[in-house]
Each structure stands twice: as C-alpha cells, then as structure tokens.
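Common to both upcoming complexes is chain A, partnered first by chain B, then by chain C.
Here is the complex of A and B:
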C-alpha cells in the first residue's frame, strides 16, 4: 500500500471514470460507463456476453444492432474482485444474453457477483453477495453481506435484504437516503487521492 | 468476538425518562423533581425501545421535537405487490385479502420467487391423437423455484395457462384434483337427497356413501356449506326435525334458546327456565356428513408410520406452515399433514407505502408519493436535517514512548488505560448552533468507566448552501486543514476546554475515557451479554436562534420582525465506543 505504482494505479477518463489497470474488462466496446465510476483492481466485467438474438423491435428500427452488454450509470463503485456478468437464458429456443443495467450511485462490495437484469439508483450491495440471473433491484435497496439473491427475484424500493435465499428483512428509514450517496467515496480513490481527513 | 463499530443512538423523548432508571434505583427519592438529574442508563431493559440511530428518527417542525418509529402514527398510502410492483386498490384488498392475486408466488420450501415454466409434456395420450390436436402440442405450466428447484409438480399441480396463476391455483387441490365449486356441491347434495325420501334415511345413506368413498372427501368449504345449509333449514323449520337427541339438546349448543339461557345464567335467573325448556330440542345437532358433521380422524397411525419412514427434513417447519395461506379446498385439520410435500406455493404478501404523522399535532411528517415506482417523498422531515450528527473516531496520540500505532476501529479497549475519542458534530441547519454536552463522570452499570468530556460547550457554525460547498470545495478543504494544523501540530496535546478541530459546519471534540476493568469480584455473576461494550450516555442540548417568520404562530403581532427567537432542543444519546478487553 505504501509503494505507489509508477504509472498510477488507475486510468482516469475524461468523464471522470477511474478504472484500475488491474481490472479485467472483457469486450470493452460493449461496456457503457456513465462517468465518475470507480472500478477497483481485480474487477471483472463481461462485456463480451452480448445479446445474440436481437429483439424484433430494435433490429427493425436501427440498422446497427445495439450491443450494449453492461450499462453503468454515474458514481458507481465496483469494489475489488467483484464481477458483473450479463444474465443469459433461452429465448425463443436459442440461448442469449441480456444486457445488465446499473443505475447511479450503486456500490458493489468486494467479491460480489452480479447477474441482475437491472439495478436501480442508490443501491448498496455488500461483500460476497450473489445476485442471481434476471434479478431486478429497484432504488434505495441495501443488500447485506453474503446475501444470495435468487434468480428472477424482484426487490422493491427501500428494502433491506439479507439471507440465503434473500428475503426482505427491513425497510430503509426515511433518514437513511443520504447514506447511499457515493460522491464522497468517489473522491477518496484515484491515483493521487487526497489524504483521508485526519 | 464480532468487532464493534462505534455507534450513536438517540433517545426519543416519547419514552418517559423518569421510568427508565435502573430497577436498583428505586430507592432514590421521587423522580419528579430529579428528572434532569437522572442519568439515562442505556442498559436499562426499557432503553432498548427508545434508542434509535439518527436515520430512523423524524422531526416534527410544529412541535419542535424528535419523533421515533414508535411514537409516530402511520397511514397506509398504497398497497402493492413486492414482486410484480402492481398497486392493489384497497377495495380489492377487502375482497381478495392481503396477498398478490396475480402470478407472484414464493417457494413454500425456501421462500425464493417462483417462476412459471412450461413443462415438456410427453406425447399426448389417446384422446389427443386425433388429427386436429396433433398439430398443436398441449403444454402445461408449473411453478418452479430457481433457488431450490422445487416445482409445483411435486404436489401434483399443473396449470393450463401461464397467466392468472392465482385464480388457477385457487381451484386446484394438491394432487391436481379441482376444488368443488358451489354449483357442483349443490348438485352433489341433490344427488344424495334423491336417494332417500326422509331426512334421516338420507343422512344414513350419506354416511354410508362417504365411508365407501374414503371419508376424506369433505373439504373445509364443503363442510361449512353443508353445516350452514343444515342450520338454516333447522332455523326455518324447527319442528320438522325432531329426533332422539334430547341428551345433547339439553345443553343446547346450537339452539336459538341458548342465548336466552345464558342470559338467564348471568341475570340470576333459574338454570332451567320453563320457557326455555319448552323450546329445547327444537334444533338437533348435525348427524351426517351432508349436514356438516365431520368425524375426527383420530387414527393417525398412517401418519405416524409415514413420519417414521421420512426424514426430519421432510417435515415442514412451523414457519413454513404459518406462511401457508388458508386453503379452503383442503381437508379438515385432522387430515392435514405436516410434510413438506403438502405445502403449497405462497402468494406474495402485499407491501405498503406509508405516510407518517406526528402523534401530538397530527401534522404529516413523512409522505411518500403514492405511485409505486417513484421513490420521491412529498414531505420528509428527518431528524438528520435538524439535529447535529455525531460521528465517533478513536484518537491515538503519540505517547511519550514513540509514535502512536494507527487506531483501528473495532479494536478492543485496554482496561484502565485512558483512551481518547474524537466526536465530530456536524450542523445540518443554516443557523449556528450552541451545543452543551453533559455526561456522567462514570458510566452506569456494574463496571463504571470514567468519562471526561474535555470540551462540553462549543458553537458550530451554520451550514451553507450545497452549491457554496461545491464551489468552495477545494478552498475550504485546505483552509480547514490548515486551521487545525497551525494550532495542533506543534503540540499534539489534548487541552481541556479547547475544540480539537473545527470546520465549516462541524466541530470535533475529544472525550477521554478510562475503561473499567472487567475483572469479576467474588460473588459477582458472570459477564452478561454485551456488558463489555463501553457505552456512554450523553445529554445533548442544542440552542439556536431562528428569525421570526410571519407564519409562525408563536410570534405575536407586537413583536419586531427582526427579533430572533431562541430555540432549544435537548435529548439523551448513547455513544457506543467499543468493547473492553476481558481478563
């Protein structure tokens, strides 16, 4: 920790994304980052798992197929060794992947695996969490550590979720909304982060 | 032992502080005069119910008081299904109950969500071999849990359509047999009554018929319908059915005279009222299955042998049984088994969006938007935007013997060694705050730790606009840091009465604690749960001035507009600092 790598640990993009050099991003052309997103080392994003069957509506409207596999909003934080993987299933007799959409201010804890269909805004996912395929997580949801969210589960807004399989164990109180903001966390990482307030 | 993150809990004033004293304090004189002097004890059994993290507290702007989840009045704004997120109108709620009536089900085994999946049906049977059916293979659907692989086919339930599962399931009994409809039930009754002319004969025939068909054919709904029909007919024509059931008739379980008899008992009348006696026997008990009589199946040997043969894991837990919705199509309780194999899919319980009112002035202090998908609030008066937040950090000062080791949160505290904690108060309001702290010199409980608040009185500057903060961000950061550095770098020392550090709208102060030794003396009980946690009760009093707004009811007409009104708020809070090292 004391020895800083010479080139800087992170690549900082024009839109403010901080992507660790040691992160594994596969199929980068299919990964959309909204900006101000932190991707820590050892994170894996599977952008290569694109939709192999275009839905009829999109193929007819546009000539170039929309190949986005993973779409991430602003101020997201992907902790070390987490994995984002688009969900896949049989669709009209053939196997296809579907895009994984993540909103703004989403925190993904270390060693978590995300295969959700969509994750809303202001979501906190703890460490070692497994989010099953095609799960839908709405806004202001807190997923505690080591939760296993079964496939196809829908988690409504303002839920606190824990357990294997996940169940809603509580409600996010009214005063707890601000705790989901990740602006301050974004500032603390980077190549030359300001020293933590002493 | 699990590490303990420092925490701050705030006591809601709704709980009576006078009654929160320790049980051992009962000898102390009346608490009426000593309300202010009584130290709040976070370990009192009742304290658990009045302490909340700041996020859970609301604030009533009219009463100028903190409100906790326990003292607010809730009103349900919207009911919705947590799975399909569809709103359920309250009229549906009355008729359909508090569960989702669409296709949202939970696995009865693991509570995971169930999804509708089509089953590959084996080649159609002989009836479907006709040419017009051969083209379209008939597919059925089942509910499958993708977490534990439970399938509704395990209880013999399949569906014809992939939608409207709730309605389809309501008609199906376990094993796939369909539930009797009211019409079918009526027809069956008619059939039975045709067999015998007289009621008694019909009853006997019904018993015989039931016995031949296994006796378990009567489900709850049918039994109730039969019993109701029977009672109605009895009430309508009491003289018709007279038989030798006088022994039970004496007790008058179901006779219309029972009410008058009971009334007689309680009004001091004679037990055997002659008038009542004349009417006794007017009604008789149900005698047969078609009259609603259900014989208890006391022979449970088959169930017991099945229990012997099965695993413990095959039996349903009480939570699994409790989560089962009432199923009218099932046999009576005597027939119900406690095996996993009889559990049915559980429709999702509805969830609500609720608005919250102050219990005193009835003003709404939290009101979400009614639409299910929106997360906005129309009104949201949270305590966090009115009272200062307190964050705790351990402060390690370089001692005389070299530099300090970096403080790790959750570290155990060494007993009898002074430690310093940094409390940072952050002012959320746009006025400057005057804060006065009070803490007992020793913590209450069996192991008193010594507490010294080094700076019990200080001012916090007002909060400023979010935009100011954003614009001045870098500027402010450097200035505030330098402000502290200049003062403290030369002498890293804790000074009594001095603020440790101050920022734009926050102030840090130091609290010195000497943790108690947890050594048990002879005759003392063993350490109770969490008794090693160092908790400090602290009384916080904040004062601020507000400009008298015209809309404020308290401002009289004669008052000057410029005059500032003084407000104050005082409450107890508990600071959990860490665990004390044992032994």
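Here is the complex of A and C:
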C-alpha cells in the first residue's frame, strides 16, 4: 500500500516553484513567480502593496490586468528571512507603490531587504544587504554582503558593489558569468533533494 | 497556490495579551504581534504593518500620531540591560520605523518625524531628536543622545540635515498613510 508522503518543508507548484511553508507571502494574487524559483522559510513578500494609481479609470473592472506588486523571474533563490517589498514614492501628488520586478537567476542572500524598482538577470545579492527604494540593478551584478544601496541608485551591469553607502568596487571578470547560474542550486533544495554526487 | 487564499501567513505563538488603547482611526494589520503586560497606546492614524512586533513586557509603549511601523520590526525588545521602566518606548508623531529595525526598551524616546532605517538598532534609553534620519543598519548604543535634525550614516558618522523639509516630509507621510489605510486590512478589534 502507498503511504502518504510526509509533509515536506516546501510546496512545489506545477511550474516548479518551491515555496517553503513557513514563508510569509502577503497578497499572493499580486505576486508572480516565473518558475523554478526557490523561496526559503521566513521570507516575507509584500504583495499587498500594489500600485494605487491606475492610468485609466477602472471602477467597473474587478480584476485589473496589471495589478502585479512583485514579479520574479525563473530560477531565482530567495534565502532565509529576506524581505521583498515594492518601493513607494509620491507620484503626481499622491503616494503610490510601484511594482518590483526581478529578473532570472537572481540570488538574494539571507536577511536582505529588497525595495528596488527593478533587478536584472543573473544578479547575486549577498547577506544582510539593504537595497533602497527605486534602486535599479542591471544584469550580472554581484552585491557583496552587508552592502547598503541608497535609494534611487543605478548599478550598471557587470559590476561588483560593496559598502555603506554602496560603491562600485570592481567588475565581474570575463570568465565569471558562469558563477551566476542558479540551476544547480535549485536542484539541491526541496523535499527530496537528489543525493549529493559521491 | 490556491486562488482562494489571500496570504500565506504561518501562525506565530504570542505571549500575554497586553492592554491597549487605540485611537479609532489607526490601521493595524491582522498579523501584527502585540505581546506584553503593560499598556500599548497607538494614536491617531498610525499604521502598523503585518508582522510588526510590539513587546510591552518591559514597560509601556506609546506610538504617536501618523506613525508608520513596518514589518519585522521589534519595539520594546529587552536589551542586554534588562531593566524594566515605566515607559519602555515612546515614538513621537510622524515617525517611520522601517523593516527589521529594532528599538530596545528602557525609556527610549524617538522624536517627531524621525526615520529609523531598515535594520537599524537602537539601544535602551537612547534619545533620538526630531526629524533625524537613521540610515539602514545603523546602531545607536544604549543611552546615546542624537540631536535634532541629525543624519546618522555609515559607521556612526553624523551630519546635520539642513534641507528644511520637515514640513514637507510630514505632509508626505500623511498622504502615504492615506494610501496605506486602504491597502492594509485593519483589525484593531483583535487586539482590544
């Protein structure tokens, strides 16, 4: 007879997302996960802070098409206790939140707080990093541990960023692009991780 | 994910339920954590995000008008001194306490209009002046005094904020609170 599998730590969706049971996702209708994304326990994603100004009057429609608060790409990895929060600002006289868009293969280190406007592809963010509101991080960026990125900062592609406040301290070397791939990391996480290669 | 559920919030065990005095116009999220034995007062139009933790074991907590307390914050954490005073934490009006900040108990006073940045740590008994800005991850040791209009930034450096925007910041905060009140489902009855 088949036994029910024990309740694992992660919930796996059909698109391959692995969401921990102990993660706190507020407003899940407004959170888009790209697929094959790992969300570890104690992660907090604020999907309830949606854009409050709609460009066209939408009093009749109940489900506005573009109500995304947080959009995450494929193969992303959100480590323990990190927090993703849409940035908010005074726009045209009223306060509104803007969507937070994260690209593919983004690694967010433990205890980081991300309030950026957008993060590109293949970005590695270290532990305890604070990304200020409306910062823009381009592709292939490595953010070292405990960096504080001030609000509205733009970080160009291929840079290495550290410090409080963050400064570009170097560039990702030519052969360093492979290190940003997160497919291997995705496979190691989950309820039944494959045994490590001998 | 099931389409019927609106959020996935694992339950957190709470301590004793504290006596509270809420104004009628506050917004307090359902999953805010209020524990302790002493009085918690939250004044007009303040906003408490989900998962904020207000701990009044070491004394009363008073939050001023139009304050915003973000998630994962801890107000009233018992620091290393462990002393119990009558008034643990006092927040003035228009204070913003950002994500993961922690304010220790022990007569800590935060002045009006101050912004406590992400992950900042304020020691017991500190006195923060009005309209200060504490950038993310700053640490204020116990008993320190930060004068009005100071900006504390990387590694304890300080400078004065000469922009003169205190009034505009307050107006901006009022607008932000207007929007937050509509976005966060408030449930003060759960705590009274």
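In this section, the second predicted complex is superposed on the first by the 181 of 198 C-alpha atoms of A that agree within 3 Å, B and C clash if a C-alpha of one lies under 4 Å from a C-alpha of the other, contacts with A are read in each partner's own complex, and residues count from 1 in each chain.
Please note the rule applied: contacts are C-beta pairs under 8 Å (C-beta built on N, C-alpha and C of every residue); 3 or more make two chains touch, one makes a residue touch a chain.
Just so it is clear, the structure is predicted and the values come from calculations on it, not from any experiment.
Within the superposed three-chain model, A:83 lies in touch with chain C and out of touch with chain B [touch as defined at top]. Touch criterion not met for A:9: it reaches neither chain B nor chain C.
Of the two partner chains placed around the shared chain by superposition, chain B is the only one that A:179 touches, whereas chain C remains out of contact.
In the superposition on chain A, A:145 makes contact with neither chain B nor chain C. Chain A has more of its residues touched by C than by the other of chain B and chain C. By the document's definition of touching, both partners, chain B and chain C, reach A:165. In the superposition on chain A, the residues of chain A contacting both chain B and chain C are 132, 148, 150, 165. Chain C contributes residues 1, 3, 5-10, 49-51, 71-72, 99-100, 117-119, 135-137, 153-155, 172, 175-176, 178-179, 182-184 to its touches with chain A in the complex. Residues 54-58, 69, 80, 82-85, 110-113, 115, 145-148, 351, 356, 366, 372-373, 375, 377, 380, 382-384, 477, 481 of chain B touch chain A in their complex.
Residue ranges on chain A touching chain C, taken from their complex, read 11, 13, 19, 21-29, 44, 46-50, 52, 83, 85, 88, 90, 93-97, 111, 113, 115, 128, 130, 132, 146, 148, 150, 163-165. Within the complex formed with chain B, the residues of chain A that make contact are 132, 138-140, 148, 150-159, 165, 167-168, 173-176, 178-179, 194, 197-198.
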